[in-house]
């Protein structure tokens, strides 16, 4: 198996642990990730807010690059915002010939073109449907037994394109986490919005949303995420939000591949735990208790 | 003393309650054998004479049962029956035949279970109450 | 308040005869049904009078009630006729007539009804023994004596106990919806008041030379008092009856001497069937059936179906029972049928918010229904 | 395939199929009724409670004339009619030929259980080890792999779910009748193999119904299946049903607790992207369900319906909605919940909604009902291919408004062309059967033998009862023969008791017929354990012994009563069995149609096209009614052409006589026989004899004085706009702003009902104006857009074209201020919560529909009008175009507001109703019919008052009560009110009932 | 075509059912709930639209888009409004629009976004000396973890998207 890899801007900055742990997990699974050469920013939520065509063009450029590398290899995208932006281009240019024409013109500037672009896949999609929980179960050497995890999906990997899970009541992470030996705690906030970039522009609004999520996560050891924006919003403002809520809401927040990596036997450094902003002592203690076992 | 086994005469309408009784049969809803079904076209044709006759002949209770309000095959026979049963309650009640012994129910075609339940309840209650007319000989 | 006109004659009978005569004068009535004491037999019987001169023998107030005249009015009006007649009826007769009209056995189209404060009547046999003897003048005198005593005592004198039970416990002795209603209570002796109970009555009264006089102010109280007393009397009678007939066996005992003569139903003004169902082939059993019943039960009371008959009659006419008491008058074996039927009738009528004979506007309870009524009937 | 065929094929045995089959059978056609399911009833077999009685009433579909041709029993049990061959588990696989001469290929599913042998004894189910979700209860309860598909159906044949059957063989071993033969490696033969039957038919009616939307197939599942307490409306119906998963008690599926708050979510799978139409019936279903829940729970369960538009568009619907809200406390909230979530803390279901004020609230419920939308039936596509009938863009059968000759012999009925409520389905089905009848009427073979049962039978009416008793014995049953024989011996009327071995088998049955044929009994009583099995077999015995079926009866040994009671009751019943020998006078084969609009003309054509005579009486000088001023409908149908074609056909038709400038003056008689006098223009009287009457008196656009109408030329009604557009006196290009106001003087206390067509009219005019002038601003001020059914797509189109829809409430009505420079409309916009002022060039008022005055006319024929002065149907669901008495019908606007297409359907349905009546032979009076003994009768007339069918009249000349045996339906009300039994009900005589009671005790 | 008119055409099928509002996580802080906002668009209440902070609060969670019975792309519609506001540089929305613009400027320059740089650009654009303080806490956390990439692109020039941005602008101009 082989994927064309699109890390996106965040993964080379604030979410580098997401990038590192993803690469490490795939390496451990024996799957090659080939990074798109000269990939560019997907536009995040900003491009569309400035110009919708610009957003599409940015995404299209990446698709064109990926296609030129290997049209048969799916594009694996860990960042949900990037995923959606690329997915949107994939879908919209199919349905909107005029858009396709404009994109062709724009890409033509760089002698790029889209003909039959590879499929855009979210990391979670690939983990669930290609790797599968069964494989993880087999490869797990350090079961996270007793670790109580709430899976947090956020929005853009689920919506508006319901590709691999129920867009409102997702469950795809459950099997993966269980395969890692963790206990999946039932909660309601898995697909709720974290406020996204409002955290920068309208922090009071966004913090309310994060507060709700953290409130519901109480009782779990960790939140598993699949999006840098979500990760940052959930881990970066816990003190302030606890203050607003009048109760301590701090909780460990990890990227899903970090947890998977740990279960697959990677050490803390290999999944860059040192980069996480919210890791609670309780969690760290549990982590030390997990033993490497030889799978049957 | 021998256990008292009441006899209940049930005037059931051809359309709804008779179907329900049938359904109780086919869906194996057992109900006590104390009841005698007399199929009539409509509760609206149950002449109060029939009810009186049943009691005087030795019935311990009488059930008149038909379609739910609004469902009568003949539009409104059940409403007429309701007034007649009210009249009978007023008359027979004076002479010791209480309304427990003369009942009017609406049992729809699909209410086989309801039918069985009504019969169960009625039989149990009439067993408690005892025979309707204790000294029949001189009366009739 | 309806205007009341006063008529003063030498006595009550004179006054009423004046009134009746005036009806002839001022309306197109061609004949009038009124109790008249017959000159030869001196027996008082409802009589169809077409010559106002014959009104001299009219004595509607006598404590004599040989039959309920509603049945006679039925004969006079059931089929179409161009004659306009008037009928002087006791309140209970008028009520029975109203019931008969509802079941198309009479019409009021060409009929003027006249009713009056009823002082009651003796049981037929009693009156025949005491009241009807002697000449016309004596009869008249007896009536006047009776009235003086009754009205003077506000219907609460010793004679009350001798009256038929139905009259004693009658809670409707005052006319309400006759075309012409005659009031006697609380008037000066000999004087009577007339008010119109209907529009037709109003037309009749208008322009008459009667002196307008409002009802005696005390009348309303007196009426209330009388009704209260009668209600209590009725209550006592009904309680006594209920004690005796609390079970079917009790009812059987109460009716034990019934011989299925069906006289009660013949006398009953609201039993309107041409032939009673108990006289039809429905009750023509086959010999083997009698044998089977006797075998089943050990004994079979003969004639059978007596309780059945009475219960059926309660069902058929209980709602129309006006409490006139003629059924008891008719019973050869002195079964107190009237109490039974009056009690049952009152009870079931209350159950439907109905009062037999009260108004033409109230439909017979078994002829109508509403979708959302009497939910309790089906409640177990 | 040479000759024209008098047989019709009806595909689908749901309510629509049953209606069509009965229509055709009653008018003398042979009918083959097929259904893919192993039972009849379609979706209705699962739905027990119907608005507005919130109960059933399906049996009212049964024939009213010649009642004995059909089994007089609850239709949920089954339909047994002499003229209808029922084939279950059967589908139409091919159709060749042309109208009148088709060859149909029918395929019957193979069966492991032989329906002829299965007696429904249940032993197989008892031993079956496989438990499966019960499809009858939508999987909310379980059943066995071998089970009864519908608990109360007749025939009561078990089926095996082969997807789950393990072929263990237990059922086969235990079946006492050898009815089961499981397939296996060495057993390739099935008990009943797949069979193909070719059949010649003249016409085909497709009544294959619809399917429901599956929430799991869409983007928003609303938690369906994932959350147990989220149920579909069909599932709720099952939960409420006595045969449902909880035996009729209302519980939520998750834990069996009684819910305390229930929510309904409307438009699940309707009015959305995937399905842009409205499903028409869900609003009323939800209201009814909520009312049922309120009633059942004695108003303790709170019920909230979340809706987009509450579409109570039929005549009685708005009143029902008001009752639901005001009497039963059903809460209606205009909101569309985003999704249903499980709330972990409370265990409840939370709904995020935006209320009217725009505030978002989180509402908690413990049960949520999804009002599922419609989808085309599974078989629709295949049937379309087989029959060549077209499909509309949504995949339903096309339902053209065709006033011209219908070329094919295949017709869609009921919901197959779009979901309809029961009343509309029944109308639409009869409309289809009327068209089918037109194709085959010439070739039908009236079942004369069955229709004249007295002919040829021995006359035993004057004989002393001579009863033969047949006792059906099972080998494994107790030996009751001696007891029955001794009972027979003690009854003087019994002359023989014969024990037979299992008459439920072919051999036993034939044996019984042979034995009986040797005897000369004049009464026959058959004692058997499951007499339901023989309900359709009386005719066979009757034929074998040459005895009127009136004298043959069954008694049920299986009810668990003491044997003596059963036998003696049976004997008492049969002893008095008789048939009244009064005869109805022959039906007059003419139908009077009052009103010559579209409805009246269509009805007349439908009658005349089947060989009967129709007479149209029109009070105006020309035919056409409202069509004269209408231009076209929203779908573009050209009314001008329709009018011309229809008028031409009417005028040319030899079977139609037309009287214009004429009115009905008086009428006498009853169903089958009316004598009516007409007053024509020159004050002449004309006497007409006819068997039935159709009131097609129409209606009109209501007048108004609201919103400044009459004070300004800029305020017009829709009719005026239609006429102006048609005449070209109005050009939308000259307009800038148009405001349309809906529900003018409607849906309020003074006029309760919704006029149903005004929203469509407004959409039509809005779209037309936008088409002619795209720059035009059109505002539609509405309270509820009643764009039900496929017309929803026009609502969507209008919005897409930029028409602005502003909702106003009854409390806050728009104001219209006319001035010199046009008109100012003030309206409160609820979303923005502010008052808008719209300066407009034209205000169009939707003033609704009023009926023409028909009360006195209806009264002449003993029919009634409803609270709104429209014709009052006997039953809005099951007999939607008929008066109670069965001889008077109505169609078009006389019934209530409806559009042209719906009027045409109702006209054909009314014609069909009339044809059912006048083509009945009525030779023998039905068994259970009332009679009178004049010698006992006192003429109290209570029986007349009690008869809802108007079958009793007073003949004042003769001084007698007369009974019309055709109108009489045998309910016995008249007998019960008669104090001395002068009135009686044949076969339920007093003495008979007394004997039965005696026997019972 | 006028952008707002285009948006209106896009939203014409709206039936004002309010599902969008019901689904919106940020609805509590909006002065016009989404349903109202769309109504304003349909009613051409342009001033009211750009007087509200509704669309700027959209966090692109796509719940409304997911459930709109008319299938309207409401999240995209919110973005359109943001874009219009950005283009018009409306004062009310500068905090957000300039955030987006700064972001895109970073992208234009380097093809990828440099968090440090774009923040700098943003603070500069806002000309609000106090603004950086509100981001300080997170920024410090990130910097502590060495997660803010301040370095310039590894391959300068290669990532530059000038041509792409220019072409997009050209096409948009032509529309």
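For reference, chains read A, B, C, D and E in written order, and residue numbers begin at 1 within each chain.
Rule of thumb we're sticking to: a residue touches a chain if its C-beta (ideal position, glycine included) is under 8 Å from a C-beta of that chain, and two chains touch if they have at least 3 such contacts.
These numbers were taken from a predicted model, which means no experiment stands behind them.
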{"item": "Shortest chain-hopping distance from chain D out to chain E", "value": "1"}
{"item": "Touching both chain B and chain D (chains)", "value": "C"}
{"item": "Centrality ranking, top chain (CA atoms only)", "value": "D"}
{"item": "Farthest-lying chain, centroid of Cα atoms versus that of chain E", "value": "C"}
{"item": "Pair joined by the larger number of C-beta contacts - C-D, A-E", "value": "A-E"}
{"item": "CA centroid of chain B to CA centroid of chain E, Å", "value": "75"}
{"item": "CA centroid of chain C to CA centroid of chain E, Å", "value": "95"}
{"item": "Intercentroid distance (Cα basis), chain C paired with chain B, Å", "value": "37"}
{"item": "Per-residue multi-chain contacts in chain C, two or more chains", "value": "277, 293, 366"}
{"item": "Residue list for chain A, restricted to those that touch at least two other chains", "value": "162, 167-168"}
{"item": "Multi-chain contact sites of chain E, meaning residues that touch two or more partners", "value": "28, 63, 66"}
{"item": "Every chain pair meeting the contact rule", "value": "A-D, A-E, B-C, B-D, C-D, D-E"}
{"item": "Chain D partner contacts - residues on chain A that touch it in the complex", "value": "162, 166-169, 186-188"}
{"item": "Touching residues (chain side chain C, partner chain D) in the complex", "value": "103-105, 272-277, 280-284, 288-289, 293, 316, 364, 366-367"}
{"item": "Chain A-touching residues of chain D, taken from the complex the two chains share", "value": "219-221, 223, 226, 339, 341-344"}
{"item": "Residues of chain D defined as touching chain C within the complex", "value": "492, 935-942, 945-946, 977, 979-982, 989-991, 994, 998"}
{"item": "Of all residues in chain D, those that touch chain E in their complex", "value": "219-220, 267, 271-273, 308, 335-339, 352-354, 358-360, 796, 799-802, 804-805, 807, 829, 831-832, 836"}
